[in-house]
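This is the structure, below, for whatever I ask next.
Order of writing sets the chain letters: A, B, C and D. Residues in each chain are counted from 1.
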């Protein structure tokens, strides 16, 4: 059950066929979901509620063929490796990884290993992978470091176009959003002749602030009614940050954008997040990446011996970029709603439970606010 | 008639006494409003619908005593001078000016002149003023360059604490927002022991996108009902950019924030703008500045001969910064609504008319969406 | 007498025919030099030692046809307007102005006026001009605001390709560099099939730190030998900042660079500045802009009615960008040396004198350090 | 044998007692050096020429007590994790790691593990570690991923104040600089009442461009005389990038700097690099971090229950920051020279050899250029 299935239609633009980041041709998504054990937290043992999601940005050899990309930081209490290279050269190389905060390193190095394996361990293979994270320590044994290199390789092997599993999957497995169960969500928009897709790992925000299509849903479902997992965390330890959390947003488009135009799209992820009610709290790692597949062959086509010093590109004329900008804001908002709706109630370490946002309840609230026919 | 007078209450925090940027002690605002002539545009003659607004950031000698500040660019199709210095040194010196796009220069140099005058033309006076703008060429003879240095000096002389005139005043005189008449607006919030105030010059956005407190007001008042000034502009010339325009946002707080914390507040202005429905279109100059008066005496207290190499500061601990961040998002949203409500219908050059947002109409729409008792 | 005429050859690359920014086809430079009066400073009257320099970036209609550009701040104690637009859209529109600190505004607005005049005051003309500055208050009556709009128009009218006058001209008229007389300087490099040109307005640095091609020239010509104008300033008032000052650097290339690549070139200006001995002191406004004329037609070719949504571009492949990067560092270093050699001894307000760097003396020092045959 | 032992004195400021980053009180450095095997490259087996270096920034609990920090990117072809947090909050938490390009991940996660271990695996421990890298694949089996978590823990255990081993140690073990053997180097400067220390992992640059204290040493020792390891790499495979490589620079000071002031210091590392002859080539990851220990107790002193909302700080007044800025440029230059002088000739995988810069030879060249008595 996704937002549109309920009749919740964010914005004024139309989604692509799948209403997913995979509507952008060539983009593939793979998840490895790790759910194991129950009961009290025993660091190194579990319970495990985590995973890794990979986004493969195009249908070529992603390890050697970069595409244009740009990034934006709305709030930097998080990690997204590889950004210095993306900001400098405007290029994304390899698959993108998303996982929990304490597993960024293993995923990063495993992506280099994947690149090396794909090229017979040639000494010339080299990479600066892009790996993002949000914190799942409320439900998961995060200091158990349960994500292993093989989990990355299996997510890569599983990556496919087509509908994207959402909710409690991959990197989103143990995430919490607006004090409901959160996780992975996606949506897309057709923008003139191009498509824009967004995938989020949503793990941020206070209940009270939640808005869906402008309706104050969070106020209508108070914590006294559907309790917050963070209250359970607080009862166990000092650390309870419902207004912390984070959101990673990945934007894909087939439009021929230049790197600085990609960065502009990346910034618009934050506008979708703002519409959901977030103010990007201090504890939030709100980091966004946008890539554009509309230009290919950005490196020398013939390798080191290719004498050509320039390549030919297309660029979206600035006067036509608005639909792409608007699409990001809309698709982000809808991707978060999709994550909330897809995520099922989960009980993790120490019995901490994050409840799902019930579709029927949401529908009733939207109707009260004159938003559904 | 301001938003709260109508019962429209944005967010969950309480405003200050004036619900204005002047709730921050020492902050003063002054306007020079230039309205003259009617009829066809004759460049250099009129009609004139423009002005200049100044924000004086503290009650000391603003020309020689800087305070901490930070900035953010949501979309850069605009000008806000002085930002390189603010980004480098984290300091704001002098009064801030806001005017039309083609008068930034005259206002900038006049602010230097004001500094020099205030110090008997001493050769040691030196300044890098901060002056922002939005484009009022739909209503105003913008290529007539009607803002003169004396208009800056009179705005400075008029600057005062107390309630801030909103709508068609100062730099906001000829501005258009969501295809209604826009202009200057302000609001404030109490954030724990501190106050946050926001002042905007609102001149952006398409009607269809307008949301007020999440309610799709723009869709409820279509252009077929209350026409857009941009359609008149388009009928006269090729240039018609309802989705362009811009918004300048100035944030003041009495909290002792460091420069990088000010920049974080500045970025949250964009979150309020996003909630209004903007996606920060290509043609928009969405530039935001935040300053904090909670630390003073940042330069050597005793001048060049003062041997002290350090000064003492206070800093808001990061764990307590959230209310300040949230306050900016809320106050920005409310400041824009206040600008829309304060602005009266205006007819400018070539008979082009920007209509006011009618309070009664807004009230009815809010009620239909279950937002008012 | 320029550096190469003396046998001082900076770096390992070859200059263009003119060894000037005008080696980049289409680039034109114009100066208005204002020298008037002698004796004690009388604010508003003089003495006047200032001016304005314009760099016209290509041979088309610069007011309506933007080209790609990027910027870098080494130290932000200065102003370069228009940077928010350049950072957002990667585009430079119009001619660039360089003047004194207190005349940035008048030059900015005059450039808009020039754009409007060139287009019959059409209401659709709109601009966010790029104007930089350094401080000439040691020699010039800077609070007299002697630069007027007509000086900008005459600099534009005078702009031409061909050799660029250096030293005490245009915006560089009253500038001081390493406590010698400074001002405007330029140099260029051939970088594979392209050309890179740099123009500086040099007004920074302590004598002791001056290095030319790595040779500690400043130590070899101490202040006890050739006095500093700043010592005279200090004797008159408290303000004496030999280590302050600033440098504006403009980079032009005919290579087809994208905006982010332009920004990379802009940052390399600072590497040339560093080789001269600067550490980019707190008081320095070291702001750099690079533009690339290798792509044209970046806006819709047919105006608003042109249905095309994309344009075709060329991009220098990253593996071939190194010569362009190196060229900027080399040409910057040489442009500063050229400014120092071209500038003649000048006496300004209050009899303050900035002495020229004597070519013979420089030659002798270079020989002592085994640098000339 | 370090630069000063040879009589090479960079700049005009005095070093601290150790002329090392450890002159800043509380700063400790630890290395794990991995050298094993010889002969042909067998990925996964060796030969191994790599390691990890840690910089522990203060004498408190670095895992829970952050200090102010700032960063700068001169060229982004590299990785330095944790920068989004440092840019957002201006704070460095934990020890800094430096290693090879393909081991950043394992070092990052191991630093989190170290933090968790130090706090009994409390679920509240959370970290965004700062780990940098340069590429040692010319000498090392970089795709063998030989750095393991235990190597990080042993480097931490070994971290101490006192003299810092330089050259072929820690992360610098397999590095190449100006086509000589490179690696770790350090230097410091006294700046008024404070100390500034710099540590580099130097792995960049072409021979021909090498300058030491302005003297063109690289030209005086051509590749025909002392061969380049990159020529051997090129003979084995297509990948040979003498002008690539990278340099990581870490700046420490005991001055009470704010985060934005730290960022200013970080940018000056690039000025030292420029003086060495680098132009920051496309292939270079030139990433710099500066931290300041002069303010402590930046988080709530009493933990979550501490009701205080502000902390007291000291700030270096801007008018006194110049010696700190200059110190960074000087110390960086000297740290690189120290790295070159300390590094001994090393033969790595496939018999590839990076030769040391011979002190006697350097001395002779300096004398020829009138630089030593």
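Here is the rule we go by: contacts are C-beta pairs under 8 Å (C-beta built on N, C-alpha and C of every residue); 3 or more make two chains touch, one makes a residue touch a chain.
Note that the structure is predicted; figures quoted are calculated from it, not measured.
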item: Contact-connected components, chain C excluded, all else fixed in place; value: one piece
item: Label of the chain whose CA centroid is most distant from the centroid of chain C; value: A
item: More contacts between chains, C-D or A-D; value: A-D
item: Distance between chain centroids, defined by C-alpha means - chain C, chain D (Å); value: 34
item: Residues of chain C engaged with two or more neighbouring chains; value: 75, 88-89, 264, 282, 304, 318-319
item: Chain B-touching residues of chain D, taken from the complex the two chains share; value: 88-91, 192-193, 256, 258-260, 264, 298-300, 304, 308-320
item: Chain D to chain A touching residues, read off their complex; value: 41, 43-44, 73, 75-89, 101-110, 112-113, 116, 121-128, 131, 135, 137, 142-143, 145, 236-239, 282, 285, 287, 303-305
item: Partner chain C, residues of chain D touching it in the complex; value: 12, 74-75, 208-209, 211, 213-216, 243, 264, 267-268, 270-275, 278-282, 318-319, 321-322, 325-326, 328-329, 368-371
